[in-house]
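Each structure below appears as structure tokens.
Two complexes follow with chain A in common, the first pairing it with chain B and the second with chain C.
Here is the complex of A and B:
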């Protein structure tokens, strides 16, 4: 099975292991992620204002290219996923935005939100299935206690993202179980790490990350997994009191599948 | 209300798409906000102040730079008011003015370290500059 794949700026630079192990693991699971031709950076944050048109164009171009290839579009980075999914919803439901964006676009890519956007984890859940994943695991991570860090971008706003229950998600825990490890539930798994605030008010990012890491440790976690390069940075660099190793979920997936 | 304030208030309502009158003033947005301690004006106050056209204080507020766009207030508001969209619209009202960028490119080298992902810089520019 082939999906179009949108890596985004950071997966080609600082977060190469999120990208490389994601692709390798998908292949092992019988899915080919074909990188979209000529993709551009999505901007990393969703433009909330209804009159922001130019900031939506790169996402729409990616969505329209996938549509023209007749493929679903898979993302890995939580931020790209949030932006692409929400812009796609705008193109489906907001006539003001749709008309203005299409006025900017080349004639052959008029776009109305046709593409299905999946996060890699949704692809595992909806297309492969956790039971099937479990069967393909060669080196289960037995006895490892792992905390999922969802953060904000995969989950909210729940109405648009439709990823999981935004207040009590389970997809990452199901993933952890499928690779043979033990999920650790802790109260801060869907609280913000601070995101870009690390550049504006580092103290706030540190406060958030120290709370998250301390909470995961208190519940017995030995490691944290994430799908977001900025969450990874914040949880590692801005946790200044207690520390836990932080991994991209694809690193552990590749390890368990024996393709790392 | 000054004429400029009135125009700004109308702009903010229009580009945010928020209907401030749906707010029932329960305060849940502010209670959910992870940046609460760093804000001088809190999310529920944005809603009522914009409704009153009290824009000047919001423009000077440090809250607009400390909002994390985490969408907790949007998710948890029982009336679907979406206060984060108001905060975004006020921030845009500021940075869309000529020369009013909050983050300037020459500040970046001092903020970057070896591990910082591109995503951080890209999103900060989207939030703080035009």
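Here is the complex of A and C:
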């Protein structure tokens, strides 16, 4: 099975292991992730202004290319996923944005939100299935107590992302169970890590990250997994009081599948 | 020749500001059959009605068209006015130029044009009207009350007081409803049980009141004055007549893991149980889903220990069929499920409770005997946070758009009771608005703030997280414009209320309408608030909309008054606008019988003389006492034999022709 794959800039620089192990694991699971030809930046942040069109264009290019290849589009980075999924929703449902964006595009690539955007975790859940994943695990991470960290971008806005229950998600816990480890459920797993605020107000980002890590430790976690390079950065750098190792979920997946 | 009068109402400025009423009257004057047309400011007023009566006599009118509001509003008024002048009331037609014209249009020219067309259609129909006479139907002098909470009990008591028989059908094993679960009641703080249980006893002792508990309404047929109802009395597996209510069986039952519904699942009960000490009837019931005898075939300890041999594992459900003249719906409410509100961690933290659970915790007869203890570790909570509007006034689509009305007051009550019992407790309340419209309500709330020092925070809670046994409540204080984080020991959620899930099914059985939130709709929101649009069906309590106990009791008595008015009549006038079958056209195909929702159509074999020969044909006949005039059969009839009096096919086509002219 082949999917189009959108890595995004960070995965080619700071977050290489998120990318590499994601691709390797997918192959092991019988799915080939083919990088979109000539992909470029997703836009990085979803534009909140309804009349901001130019920044949506970069996402639409990726979405339209995947549509032309007639394949679903898989993402890995939470931030890229958030932008691509939301812009796709705009193109599907918001006539004003759709018309304005299409005015910029060549006549033969008019785009109306046809592409299905999946996050890698959704691909595992919906296409492979956690039960099937479990069967393919060679080196289950037995006895490891792992806390998932969802952050905001995968979950919200819930109505558009349709990823999981934003207030009490479970997809990463299911993933942790499938790779043989024990999920640690703690209440701050869907709290904001501070995001870009770390550039302007480091104290606030530290407060957020310390709360998250302390809560995970209190519930017995030995490590944290995430799907977001920015969350990874914050959790590592801004948790100043207590520390936990932070991994991309694909690293543990590759380890359990024996492809690391 | 018909002599028709047209009366165009201004409805103050409601119609006149958008429709040129003079022009409508003028245009109507040229219509066939019209001999008189006029306009007036308030046609429904005494002066307007007198004008109509006088014109009927002066101009020897044979029929009138009133261009005014919806016929649902004033058709009866104008029919009465016509009748007082000696005109057959069914020679009155209403052209609705308010709801269907002036209120929905802005352009005066267009609206006037439409009003003229509507008047023209009504005149065209009236030209074909025939005088109709209402028949009489007898009234069964017994009422049914569906639901045995405070609303149902109060309605039943009042109806019985007037000397009529009443049956209460309650689906749970006891009457009492939600009020029986409450601790104290606002704004006087008297104990709910102390004021409710005597009423329950009154209902049980009243000779005129018959209580079917653990029973459900299975089906309803018939119509006002003559409802036929099937009631399913579910098997209790305990013979009510033999049981003395000693309770030995409930103590000996070895299965103790079933969730105690009466205590909102905060503790467990046996498989054979009496919901609470003051339950009526004081007869236990076996919950077969947790009973070992039913699950494994072994046990039967209750039967062995019962001193009066009342346990009967073979008992079957029983169907009771009865006739009623009137039905009161008092099906009540429940709290919404909090599955869409995981930010409050209700499903994850045992110390986050709903307000109804909190009532049980504070109740002297509750699982903690009235001691305020946390469910998780049974310790005294020191800091308690109340969150109002959990799912009420919700615009996100996760909860309910309406205000649940009772939460502000009971939260103030809870806060006050906590401070009263434990003066050192710290109590915070998050609110959107504090709504206290009711007698002594504002004073009550002020007492909580000023006398008891409850800390009210305007703002909502975004997250509740458990940390080292404490609950971290993150919220916003909109007045201070800052984030608030409170380390609490316990959180109480004022969950929105919604109609009981049975409401929908019961509404369908009664052909009574419900709104998008499943609350029963009243016949008129202001002028007929306790009647359903379905004749003979009355509304009592929260099934019609959120309300507190005093309002519920008032509405229950109002509904009872309406029932008493109905039952005190010997006979009711039937609606003469019923179907009629032309036997010369009927082919006996049965299509009409199949679509009739009331079972009013049957068939007979009739002998006809045709061209000198006798032949027997199967033809439809309509039972006029049962027909409700819905008209379904007239549409289904392929040969045009079925016709609805007052709304004949010819009349309707005449209206269509007039509109298209």
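In the analysis below, the second predicted complex is superposed on the first by the 260 of 260 C-alpha atoms of A that agree within 3 Å, B and C clash if a C-alpha of one lies under 4 Å from a C-alpha of the other, contacts with A are read in each partner's own complex, and residues count from 1 in each chain.
Just so it is clear, a contact is a pair of C-beta atoms (placed from the backbone, for glycine too) under 8 Å apart; a residue touches a chain by one contact, two chains touch by 3 or more.
Just so it is clear, the model here is predicted, and its values are computed rather than measured.
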| item | value |
| --- | --- |
| Winner by number of chain A residues touched, once chain B and chain C are compared | B |
| Touched partner set for A:107, first chain B, second chain C, both or neither | neither |
| Partner chain(s) touched by A:157 [first = chain B, second = chain C, both, neither] | first |
| Which superposed partner A:38 touches (first chain B, second chain C, both, neither) | neither |
| Touched partner set for A:191, first chain B, second chain C, both or neither | both |
| Which of chain B and chain C A:131 touches, first, second, both or neither | neither |
| Contacts of A:215 with chain B and chain C, given as first, second, both or neither | second |
| Partner chain in contact with A:199 - chain B first, chain C second, else both or neither | first |
| First, second, both or neither for A:95, with chain B first and chain C second | neither |
| Chain A positions touched by chain B in one structure and by chain C in the second | 167, 191 |
| Touch list for chain A against partner chain C, complex | 165, 167-168, 185, 187-188, 191, 215, 218 |
| Residues of chain B that touch chain A when the two form their complex | 14-17, 34-35, 37-38, 65-66, 68-72, 74-75, 84-85, 88-89, 92, 103, 111, 113, 115-124, 126-128 |
| Interfacial residue positions of chain C with respect to chain A in the complex | 341-343, 345, 347-348, 463-468, 472 |
| Chain A to chain B touching residues, read off their complex | 8-10, 13-15, 41, 43-52, 55, 77, 79, 152, 155-158, 166-167, 191-192, 194-201, 204, 207-208, 228-230, 232-233, 236-237 |
